[in-house]
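What follows is a set of structures for review.
The two complexes that follow have chain A in common; it is paired with chain B in the first and with chain C in the second.
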Partner chain A sequence: MVEMFLSKLAFSLLNGAVWGLIVSLIALGLTLIFGLMGIINIAHGDLYMFGAFLSWYIINYTGNYWLSYLVPPLLIGLLGLFLEKEVLRPFEDRPEYTVIATIAIGYILQHIALAIFGGSTQVVRNPVPASLHLFGIEYPVYRLFAASASLLLLTVLWLILYRTTFGLWIRATMQDKEIAETSGIPVNRVCMVTFALGCFLSALGGSLAAPIVQISYLMGFDVLVLAFIVVVVGGLGSLKGALVTSLLISILENVLSIYLTPLESRLFSLALMVAILVKKPTGIFGRQTE
Partner chain B sequence: MNRRSFLKQVIFLGAAGFLTYLSGCLGQKPSLELQEKPIRIGQLTELTGGLAVYGYSNDATAKAAVNLINETGGIAGRPVQYVVEDTATNPTVGIRKMRRLIELHKVDFIIGSQHSGIAIGCNPLAKEFKTLHFPLGEATSITEKDGNRYVFRINNNVREQVKAGIKFAVEELAKKWVTVVLDYSWGWSNEEEFKKYAEQAGAKVLLSIRTPIGTKDYLPYLSKIPEEAEAVFFANWFSDFINFIRDLHTLRPDIIKYGPVCCIEGVNLEPLADQVEDAWFLTWLPRNLEGYDTEFHRMFREKVGIDEEGREIGDPSKIYTVSHCWAVWEAIFAIKEAIEQCGWESKEDNPELIQALEGMEFKESLSHPQGDKFLRAEDHQAFMQHFVDHVENGKLVTKKIISIDESIYPAQVDYTKEGF
Partner chain C sequence: MPQSSNEGFFFNRKIRVLPYLFTLALLVFLGVIGPIHIKTLIMEIMIWSIYALAFDLLFGYTGLFSYGQALYFGVGAYSFVFSLRHLSMNFIICLFAASFLTSVLAALLGLLIIKTKGAYFVILTIIFNVIFYLLAMDLTWLTGGEDGISIEIPPITIGKLCLSLNNPTTSYFFYLFFSLATLVFLKRIVDSPVGRVLFSIKVNEERAEYIGYNIYAYKMFSYVMSGFFCGLSGALYTSWARYASASYFSIIISGEPIVWSLIGGPGTLIGPVIGTAIIIVLLDYLSFYWKYYLILIGTLMLVVLRFSPRGIVGFLKERIEVKLDDCRGPP
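After this line comes the complex of A and B, so read on.
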């Protein structure tokens, strides 16, 4: 009995950690864009959806998975450069306008996907169909691959932010745009590249998740809600917060599901998130603002 | 032209016009005005939103049916006009669009929506505006407590489906079951009906799992399936189904899988070949023509533009919801048959039309390619044959046809006692 419980607990911890890492990759782009530019990017989920659709398209026509992880994020990143410069920059420092603009971008992306790919769900074949026997349960190897890739990308992102000059510019711009500009930092370029990086990450999340979650033109909404929960509870603009919260919410839901129904475990984990926000409105790692 | 000849001509034309009007009023044949007045059929469908894959097929099917009717003389000699409104798979929008169809487009009949919640919301409007409504949603209550005398369902419902398939499921598949359904009304209905009929048939449901819509990770929930379970009955759709079947295949590749066709409508099974292999699906019309290769089914596909594998002719990336969209076709032809039988001319004649439809039988034909069926007078619910498909080498293969009799259950309401 105890052995069975421990086995289930170990499985839940592993599965929760794997999902947490995948979710954190998607949420990171969102928190980066908000932290730097104050833009609440409602189109984030739809950029993720577009990344997944492009991956599906590339796999269908080339059969090359590596290409499907590389090309969509680059294309969506380029789209991000354009969107920041032409659509969002005119509304700089007016967050309410950027919300409306990104809602519009999201709708446009959704309807382009609907017109091109249709309303049906598309499936990407699992590139690693094997499973491992872990804690008494067969565990899909691809999930371990996706989680490892997320971990690697998070590390690279951390290195960029904390070990490169560009990362220093990003952090300086996040702290105070005006002082950063007077110090000679090309703030506009930093914002443009960071927005593109956020878009790149969301599309990469879509490409990596494509063989696990299925692809439809509305798939972005589910992710957007989860990513917002993670970003808000973790603390707006905090990379560490996004990672910790996505791990927390995912592991908690998995562990609770040992004894609770799926709905109850989701309710419980969301109630905990609300409790955290009541206790600390700026989020777990959020900074107090004036 | 002088004044006198002008007056003569005016008097002559006036007299001719009056005589024409008089002959029309004498009613020797339908007036020219009526013959030219189109019958307007509206469809509420999901062109966008979560059920967009159904909307695409339903819209194309309705257009094909109306084209065919107009090419072959219309309904009672009158042309048919088709109007479509998009519900966005949203009950609030759907109900608003129902009003729009009635009040703005002045439609005579409404087909759809596929969404049960929208259909339930629209049923009272059908009665309020005295407009016949043919919803396509499958919640049982649409033709029970949520229906009324103006609502007819030409397709099947959850109870009918579960009952039709239960003998096969229990006698030929397994006795010890687990149910995994989406946590909303359609899933609950499937779970409840399956449990009820399975236990009546001598089987046991060991565990019932309800999962929230949009669940990405099924492993934590499916890991609870008891070792002794032999089979899983599922009711989920689109991405939920695909996530579910992938995780179930990883955990229990040996377990028997059985569920309604709604789970895979419009889904390309090729990339899922391993996971869905050996699964069973109860369908209302096979996706592959060879599963029910009749002259009329073949012609129906040809008219709509569906190939032998359920794909759009000319665009194989689009997979039709073949098991559902036939109901749009059949509803339009049922309207035609009832109008021609009772001599309906306008909404004023709806009581006669309703009485004509109550208990109406439909013989398998180009108008009814799914097969024979009848609309039960009491609850306005149609009963029909069902099919069982098995996935073999990644392809749906029809293994069984279930007769109409196996799907019939006692009527729970009697709308014939309700006024108009």
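After this line comes the complex of A and C, so read on.
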């Protein structure tokens, strides 16, 4: 009995950590975009959905798994460049209008996906069908791969943000756009590339998650809600907060779902989020201003 | 902008009222002799336009952007179902009971939501909407989940008059009455001093606060009022469809009034009604031929947002005002 519980616990802890790392990729994109441009990207979940769908499509038609991790994020990243420059720029820093615009983008993406890929739920074959003996349970290797890929990406992202000139530009623009502009930082280009980076991360999250989840054209919203919880609890614009909370929330949800349905555990984490927000409206790691 | 410009063409109240009277006459005319499918379409537009109006009070006049009004739509629908089932009173009382309950809930959630600003406000409204959606999906014994609950609406008799929603003409005028009443009532509110304060909050919250208004109370008023009318539209929709399901709480329903009022013109009251009519008629024909209509809606939203963020009505008003300035010549 105890052994059974322990193995279940280990399994859900691992699952939570894996899923948390993938979600943190998505939430990081969301929080970067918000922190820099004041855009609440409702279409973020749909970009994730598009990433997953594209990688399903590529696997089906070429059978090449590496391609399925490379092509979708790049395509979606390019789309992000276009979206920021041509569609969203006039609305930046007016949250309401960015919400409307990104709702529209989300609608378009959803029905394009429906038109191209169809309405039925798709499943990607597990690329690494092996499983590993870990903490007394058999754990699928692919999930560990997805987790380590996300971890690697997070590290790269951290290096970009804190060790390169471009990262410095991003952080400077986040703090004060006008002063950044006057000190010679190409703010517009920084915004464009950062938005594309956010889209890239989201699509990559989709590609990594594709073999774990069921793919449908409406899958984006669930992830968007999770990313919102993470971003709001962690504090909008805080990167550390996004990483820590996404791990915590998804581990919590997974452990809870030993006893509850996934729906109820999501409800629990939502209620927890509301409680935290009532206590501290800027989130745990949120900046004190505003 | 909500204020009627007190000059030129628009100063003449009689001329301003004419198009409304004409539309009303047309609606009554269609109600009497219109074919049944046109009536059904118009009824649908009338019910949804109450919902759009409720959203417009919140966004167009107070500047509170809620992406979660489906929460109150769904609560209104279900409180109507439950009050019809358990109160055993006539359905008009049930309608008001449902709307009242919804506004009480709006007041309670408002305590948590109203304090937040900007992005946090938007996200909190989404989160509360999702909470209620998940609850409705989870508590299938209460809500019927995705399959929903069907209801029967018993006719009521007042003297010799029998009001039964099974009669298409009667129900047409029933919904016409409610949508007109909502329009007139909200018009009165936004033209009153309270409406001015709400609008000042939208334009500049900080200044409104410095002048000495309790903006928290005014925002709360707007939020609760909007909740009331969302609840009313949910209850009316249930009485029209004879059915309520957990999908009433879905985020798609929350997105609808945003589309409608954006296209019609937020902050004009009549704009959202026009937007609702346009989109519902469009979808009625379009979705039959083309399954992927959201691509078109999304593109339309982006175009309107880019070129005329005040929607169709705002665009027309601007044009007419410019023309009037031309006629008047240099000052």
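Side notes on the structure shown:
The definition used in the following text is that the second predicted complex is superposed on the first by the 261 of 290 C-alpha atoms of A that agree within 3 Å, B and C clash if a C-alpha of one lies under 4 Å from a C-alpha of the other, contacts with A are read in each partner's own complex, and residues count from 1 in each chain.
Criterion: contacts are C-beta pairs under 8 Å (C-beta built on N, C-alpha and C of every residue); 3 or more make two chains touch, one makes a residue touch a chain.
What you are looking at is a predicted structure, and each value in this text was computed from that prediction instead of being measured.
Of the two partner chains, chain B and chain C are each touched by A:114.
Of the two partner chains, chain C is the only one touched by A:229; chain B is not. Within the superposed three-chain model, A:6 lies out of touch with both chain B and chain C [touch as defined at top]. Contact with chain C, but none with chain B, is seen for A:99 once the two complexes are overlaid on the shared chain.
By the touch criterion defined above, A:257 reaches chain B but does not reach chain C. In the superposition on chain A, contact of A:138 is made with chain B only, not with chain C.
When the shared chain is aligned, chain C comes close enough to touch A:273, but chain B does not.
Touch criterion met: A:122 reaches chain B, while chain C stays clear of it. Common to the chain B-facing and chain C-facing surfaces of chain A are residues 111, 114, 261, 263, 266. Across the complex, chain A meets chain C through its residues 34, 38, 40, 42, 87, 90-91, 95-97, 99-101, 103-108, 110-112, 114-115, 221, 225, 228-229, 231-232, 236, 261, 263-264, 266-267, 270-271, 273-274, 277-278, 281, 290. By the touch criterion given at the top, residues 46, 48-56, 183, 209-212, 214-217, 219-221, 223, 238-239, 242-243, 246-247, 250-251, 266-268, 270-272, 274, 317-319 of chain B touch chain A in their complex.
In the complex of the two chains, the chain A residues touching chain B come out as 8, 11-12, 15, 19, 111, 114, 117-126, 129, 131, 137-140, 212-219, 222, 253-254, 257-258, 261-263, 266. Residues 59, 63, 65, 67, 112, 115-120, 122-124, 126-128, 130-131, 134-135, 137-138, 251, 255, 258-259, 262, 291-295, 297-299, 301-302, 305-306, 309 of chain C are the ones touching chain A in the complex.
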